[in-house]
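Presented below are the structures under discussion, each in the form of structure tokens.
Paired with chain B in one complex and with chain C in the other, chain A is shared by the two complexes that follow.
Now for the complex of A and B:
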């Protein structure tokens, strides 16, 4: 299993490097906003720069899932690996774990930065208790849901469906955060969505003939 | 390879993914249509006013010098994006917000919050002494210092102490005045408390009995969403006199009017049922009913009594008359509201008289408003938002909730667009919306994904006219296109299921599922259908599945021509036919 995950990481190292770079970009934005002393409203700057970067990141996770499945579908990697002492379920599991690791590569440093910055600002009272946890939990779930969409759309022989389908479905799903906010409702919807997507991806992957 | 997940699980998983991904674009379409409808409504239909306001004493209202009578005005802003969940999340969690435990945060030197862990309210402030220091009975004069107080139901202390007790679910009067007094109600302890920060005392009100119908949800400043509704009151105005040296200036209020509009000796308490009660500030006991939240006239008439959850927004404005008596017997100051005064010129006696209150509300979908005036005895005068228009030389008025859908330019287009988007929603969820029409909080209805409390069928669900059967059939009539679409799609699924050889049971489930979930089920069916190439049956000539032993149309077996090995062999050089094989071949042909 470890060897499979390692191999998946090696095959998709570009996504991990991208996640680390974007994480660094977000950290720089957060730190500079915290210490900005200009007269302009920093939230406008944050929204202006953060929105396109976040869009690229989310689409990137979808692309990662799609890339994993598309490569497998067309190069028959799992079919080849199944001839070895590896089951197909393990291949998919390793793939999903790799996706989660890539998302965490982006979000964990950001979450740590947010916690550190909130402690540094040293408010006399807990102003927004639980907000960091809620926002990062939902960001993780949304990124993982988009990754799952990539898994679903990537299992295709043509190039159009994984590319356009992934982008369109991601663009439909991500605004759910704007609609529902960071409350409990979106957690329930996203968890159910992820379970449903993984079940379908699993079923499709396991039932496809070698 | 044997699948680990069976077919129904795959179908449900696919169905849910499709439902989410289909519901989101439909939500945006509905939202765009609703916003366009409200934005397109003329300004005249978006406000209500009452002139004169009827709460001002006649001697002031009918004064001969009055040039404009008192009036109360309620106007609705159209800020649809604020109903989005992300805006609501941050707005309600910021200090002072509905879901924030931070009641006050003016600076690092003045804040107050509820500490859930200890169950205490913590208040930090810089105690500024009154200059010049005037000794007042019962007042502790101290030099300027920062103070941090811990307040529990049993007392006030500078140190966190278990003897202070614990608040569990407090709601405070957000109209935190400069007197450093705070009234709060604990929903679990079921009693009111009055905190005096200067005296460092807490007064407990009587505990409400278990069978007491009062269930306060908000006290003091009664409003839901300050971004949507503007309620204001203007006192009677008189022409500026020569003494003012401003004769050409705008009219001035007949008596001074203070912005701090309190209910005099009372505090307004909003009940869960929508009733507004008067709480005596001194005894902390209920002193009567002030009125209730007015119910706007919706497109389909709904119940007259609304709760805070049923309204997108509401605001309540009390009116009181304050009379201040000073040591000079000729010096009496009368003012609307609760004016503050400097310590040097403090009155020796203050009389506060409650005159009544104004309450405005916005309907669940934001298309209608109501404004009500309640006098000091709770008697009501109510009006609704209307669109006034000229038609064939006559002035007619239409309810704003009706005008918004049909009377304004392009309104029919957006109304039909909204209706079509609702009809692409699964019929079973539309029917569920009918039954759960009033169950959801009004603001959350604007971001509903599966149940649609603002849909036409849900509006019909809140209609109180007629009997249940009539209402339900009318509701079904509103989603008739959705039902027709679902039946048509079910027919297509049924035909396709026959072609693909699904079992009778599977076909029945798919038909029921498609009628219930409409387009969602149809897309799910197409995505989960077997991806196999059909072949022509040699018996019936129809398409049959190659992976089944018998044709699912005519139940005939496969007619597989038996492969007969040739009776000849090509050997080196000459052809040799063995005798036994030639005989076998002949027998086979004969058979």
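Now for the complex of A and C:
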């Protein structure tokens, strides 16, 4: 399993580098916002920046899942791997773990920074207890849902389907989170979406010809 | 434990409504070198892909080393070496990286034998797989398949693209493997001379059916090509069953008959031919006769 995960990371290292850069940029912005002495409302700045960034993140992880599956199908990677001492379920599991690791590469440094900054100085926006954990959970679920959709749509010989799938999901998810806010409702919706996408991707991958 | 390493039962496969395999039954006993032959698109690769669990069957069941192909475990895969048609390796990897990946994913790896093969084939570790020639890719695929010391080897046209020297090297290697006890080989090839040299059982696919499934020597015994000369013009019908091919020219008739036996010989003699001589047939000749549009079943 380790060899499979290592292979997936090496093959999709660009997404990990991208996630790390995004994370670093966010950290720099957060630190500067915390220490800024300007008169502008930081929450407006956060929302203004957050919306396009969330869109990019959604599309990024969707693209990662789609790219993993699309590359696999077109280069017949799983067809080769599954003739070795590897089962299809392990290949897909390794792929999903890689996706989760990429998401954590983006979110964990941000969460740690948020916790540290909230303890060191007054946060620029009002914070309630458990806000960091809740934000982290929702962000993780949102990114993972996008990634799962990418996995689902990427097993396709056409490039149009994955691209359209990602755009449609972005159009649905971003307004949904803004309308519903962070809370149990959105967690339930995202978890259900993830389960459905994963089951479908799993079934497709396990039964299709490689 | 079953004595048959490969079992195919009533296998049917449709592609886009087109029947490629129509009720195939096949058994490959342990230690056998089975040569599976057929024209392009006859379904040889499809059978192999279904056996390896890469392709779902439309109907029927297939078993590899006593396990259903649809439920092959990683442990079981580690006992099967596969050289695919077209050598489907990961093209953008460097040779060294691909070797390391295969080694990491294998449950057993014979370093000594693998290194010997790599040295024999002179494969460059720093080049990308896609930059290798077809022959080198075939050699790399072969070396990777051999390195795991497989109990069952499946070769799908492994010598395709190899030059004469490399092909000879491959065959000698295969013969070396044959000498190792308990190893079974399923061998598909278009180069019938290769198959004839190493196979001890032959299967021929034609029109979606396995029209031949018997030992090579038995096949050569059972398919006869005869040149029969009659005193007058040759009769249009000899009333023989299982005629594969028949050509008449004046007094001469050249006839290919499956499952030749004494009964058929007696029937032929009732026509009082002036002479009847047997034309020796190579596997290639038999293959051409058996893959005609109306194939006759020859099973052992």
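Simple rule for what comes next: the second predicted complex is superposed on the first by the 203 of 210 C-alpha atoms of A that agree within 3 Å, B and C clash if a C-alpha of one lies under 4 Å from a C-alpha of the other, contacts with A are read in each partner's own complex, and residues count from 1 in each chain.
The definition used in the following text is that a contact is a pair of C-beta atoms (placed from the backbone, for glycine too) under 8 Å apart; a residue touches a chain by one contact, two chains touch by 3 or more.
From a predicted model like this one, the values you see are computed outputs, not experimental measurements.
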Mind working out whether A:207 is in touch with chain B, chain C, both or neither, as first, second, both or neither?
-> both
Classify the contacts of A:4 with the two partner chains as first (chain B alone), second (chain C alone), both, or neither.
-> second
Residues of chain A touched, compared between chain B and chain C (which is higher) = B
Report for A:90: first if it touches chain B alone, second if chain C alone, otherwise both or neither.
-> second
Would you sort A:75 into first (chain B), second (chain C), both or neither based on which partner it touches?
-> second
Regarding the shared-chain residue A:160, is it in contact with chain B (first), chain C (second), both, or neither?
-> neither
Look at A:175 in the shared chain and tell me whether it touches chain B only, chain C only, both, or neither; answer first, second, both or neither.
-> first
Shared chain A contacts, counted only where both chain B and chain C touch the same residue | 88, 207, 209-210
Partner chain C, residues of chain A touching it in the complex = 2-4, 6-7, 75-77, 79-88, 90, 207-210
Where on chain A is chain B touching in the complex?
-> 88-89, 124-129, 131, 152, 169, 172-173, 175-183, 185-186, 189, 192-193, 195-197, 199-200, 202-203, 206-207, 209-210
Chain A partner contacts - residues on chain B that touch it in the complex | 1, 3-5, 9-10, 12-14, 16-17, 20-21, 24-25, 27-28, 84-90, 93, 95, 101-102, 105, 108, 111, 113, 122, 124, 447, 449
Where on chain C does chain A make contact in their complex?
-> 49, 52-56, 72-75, 77-78, 80, 82, 84, 88-92, 101-102, 104-107, 148
